[in-house]
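The letters A, B and C name the chains in turn, as written, and every chain counts its residues from 1.
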Amino acid sequence: MFKTIWGSDKAVASVAATSKIFIRGKQKAAMTPSTQRIVNQLSALSASRKQPKLLSLCNEDLIKNRTITNAWNVYKRKLFQKRDEQFEKQYNSIKNAMEDLKQTSPELFELANAKEQKRFPLEMRIPTDFPPNQPWVYNYAPKK
Amino acid sequence: MSIARQFVRQFSSTGVVGKPGYSTVEPVHHLVNIRKAALKPKYQGLLIPKDDIRSVGFKPTEIDQDRVAEYYQNTLKSDLLLHNYEHGAQVIEGEKKRSWGTDSPYKLYRNLKKAKRVGRATRDIHPIKHDNVPQLESIYIQSYNKWALEESWLNISTRLQLSQITNVKAKQIYAKANILPWRLREGKPCGAKVEIKGIDMSQFITTLTELVLPRIRTFKGIKNTSGDSNGNITFGLDPDNLKYFPEIESFQDLFPNLNGVHITFKTTARTDEQARTLLSALGLPFYDPN
Amino acid sequence: MRGLSGNLSRVGLVRAYSTANPTVSSTLILSRNPVITADVPKFEAQYYKYQNELWRRLMWTFPKWFYFREGTLAEQRFRQLNKDPVADNPNIEFPRGRPQIRHKRDRRFKQELKLPKTYKEADELEPAELEQAQDTITEDDLARKIVPNSRTTKADQENDLTSLERKLSRTLYLTIQNGSTWILPNFPEPSSEQVTALHTLAEEGLYKIGGEKINYFNVSNTPCHVYNNSKDNKKEYFIKSHILSGDFQPQDKSMKFLWLTKEELKTHLDKEYYQDIEHLLSEI
């Protein structure tokens, strides 16, 4: 195809050598595709020319931000306190139950305090933002 | 009324500057070396903690509802508390460094003797209570690239690949030893590592357990023998398995050479068994190697 | 005295207790864990929005030259959707500050990106196309528009308290009716020679009243609470477990059961009983 339009290779080469075409800007050496890919990868990884401007809040915005942050910290602290109290109660209640069981029935206590290797089942899933098409699996067949 | 500006001396300038005569005060020779340049006013901003919005390194962490962390707090924590409860459990003391004796000042002030058996000191194992329920702290991912030892630019791809799957910029790791058969030379870059916490960790866990691991046909689970006996569990993924990460799967032509990774789950559990139970609750399967 | 107690433990404690001492029984806390994430309170949602915007503002510029190779069709589509920002021109005054363009992003603001869609919205389609589209779109079509399912289900609308599909964002607990009062299912230790472990007792009891088609996970052999029921002279040890799949189908047709959240339990259960077990129930 090339040859049919432009004649022979030699002719093209001679034209290119004689006529000087002006190209604006810095001349870039041609890169092989693999080199280009590495350059792209490095540029994707590096911070150069990709960082945004630093935040510079005015005094009013700083005070607003501080107020919001303080409110959030208070909110979180209360939440954690409430949670921790509940866990403490749960722990004390386990301890109390086991102490009671030890007095009531040592055999049952032995069975309850026996430790075994336990794994949580994979069916226990981390909750998702939206339910699956079938929210609950009903057709469970017990293993024989 | 004089409006002369009062001269305030910064820590970075010496006291002699701005004094007309000479001082009769003996100079103080500091025993602690102080880098005065670090006290320059322009570096004061670096002292601001990173969670403050005025800091240069500020990055918001609580940017969305964290479903893994919430699941742990709402459901798993009380289950794990109950599961790990052992009635009448005592503190199992770890090996500690030992004294040489007190009968002579030489022994008293000598560096302590190594711990029994293991040599290094180990921590105590406390029974699980409401305040020390095992929890996932962070995930450590590292990838070793032996080809990068010869051509260091090959490491770029490894670093980018880790950053791509974790959303955190990976750090380069360097060889620490000279081992000729492996062509290891001290200081040569040979892979990448990244530690993820918070919402990035949650995102990684859900991607791993919901999208990646179920699609690996040969994956049986993490070995029940895995663990460093300190409550940290490690497993590895082959280069072929890594392409199931959706961030890599969609751009396979950009990552022609994938590298296998080691994934370490760093937990607050003190024994491996507790850590394995915790991880199984987060959706990671385990199996018994025979 | 010592001889007597030693003798008792050998013969079987439970039978001895059934006469004088309270009966040992096992109560099952069977919960259905949340299927979807908890509803976010307004304050939390607002805070997350604020932090999220800050996070986006501080993000690095998206390296589009890496993900969209120049000259490809994908890159062209991406370019059509994301117009370049207004360039800085020294001859023009910018009332809101001079743009600082780096890699075709104004680094003073957050970068907003639009990705090419693989489908057409309903209002973009011609009526003729619309009909065709409805026929052709299938469940397995990867290019289809993803529409998330509703967070409220049919059971929520009908307020069906016996359904496992109600209140997907909350933990539900199984309660059954005992005479006129609602209780958590309770199973007394059989008065035989052998003792049955508390968790086995609870499991067998559950299968007996609710059928075998329950996929059930027992958290631990350890009881998490003890309740001294002075009315029935019973000691109730609580065993915690989760239902994973399957359904609770009462074997006795006259038996009534409900799946309730913590707040609903407060209204259904006996006041003293609820206060005793309140801390065991999940807030979410």
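Here, a contact is a pair of C-beta atoms (placed from the backbone, for glycine too) under 8 Å apart; a residue touches a chain by one contact, two chains touch by 3 or more.
Computed from a predicted structure; not experimentally measured.
When each chain is reduced to the average of its Cα atoms, B sits farthest from subunit C. Chain centres defined as mean CA positions place A nearest to the mean of all protein CA atoms. Note: centroid distance subunit A to subunit C, computed from Cα atoms, is 21 Å. Computed centre separation for the pair subunit B/subunit C is 31 angstrom, with centres defined by C-alpha atoms.
Here the CA centre of subunit A is 16 Å from the CA centre of subunit B.
Residue positions 33-34, 37-38, 44, 47, 54, 58, 66, 220, 222, 224, 283 of subunit C are each in touch with at least two other chains. Multi-chain contact residues, meaning those touching two or more other chains, occur in subunit B at positions 53, 58, 62, 67, 70, 78-79, 82-83, 85, 87, 254.
Across the assembly, subunit A contributes 41, 44, 55, 72, 90, 94, 98, 113, 118, 120, 124-125, 127-129 as residues in contact with two or more other chains. By the touch rule above, subunit A contacts subunit B in their complex via residues 37-38, 41-42, 44-45, 54-55, 57, 62, 65, 72, 83-84, 87-88, 90-91, 94-95, 98-99, 102, 109, 113, 115, 117-120, 122, 124-129. Every residue of subunit B that touches subunit A in the complex is listed here, in rising order: 53-54, 56, 58, 62, 67-68, 70-71, 73, 77-79, 81-83, 85-87, 129-131, 133, 153, 156-157, 159-160, 163, 169, 206, 209-210, 224, 254, 273, 276-277, 280-283, 285-286.
Across the complex, subunit A is touched by residues 9, 13-14, 17, 21, 24, 33-38, 43-44, 47, 50, 54, 57-61, 63, 65-66, 100, 102-103, 107-110, 148-151, 153, 164-165, 168-169, 195, 197-199, 212-215, 217, 220-226, 235, 237-238, 242, 244-247, 279-280, 283 of subunit C.
Chain contact summary for the complex, subunit B toward subunit C: residues 53, 58-65, 67, 70, 74-75, 78-79, 82-83, 85, 87, 251, 254.
Subunit A contributes residues 40-41, 43-44, 47, 49-53, 55, 68, 71-72, 75, 86, 89-90, 93-94, 96-98, 100-101, 104-108, 111-114, 116, 118, 120-121, 123-125, 127-133, 135-142 to its touches with subunit C in the complex.
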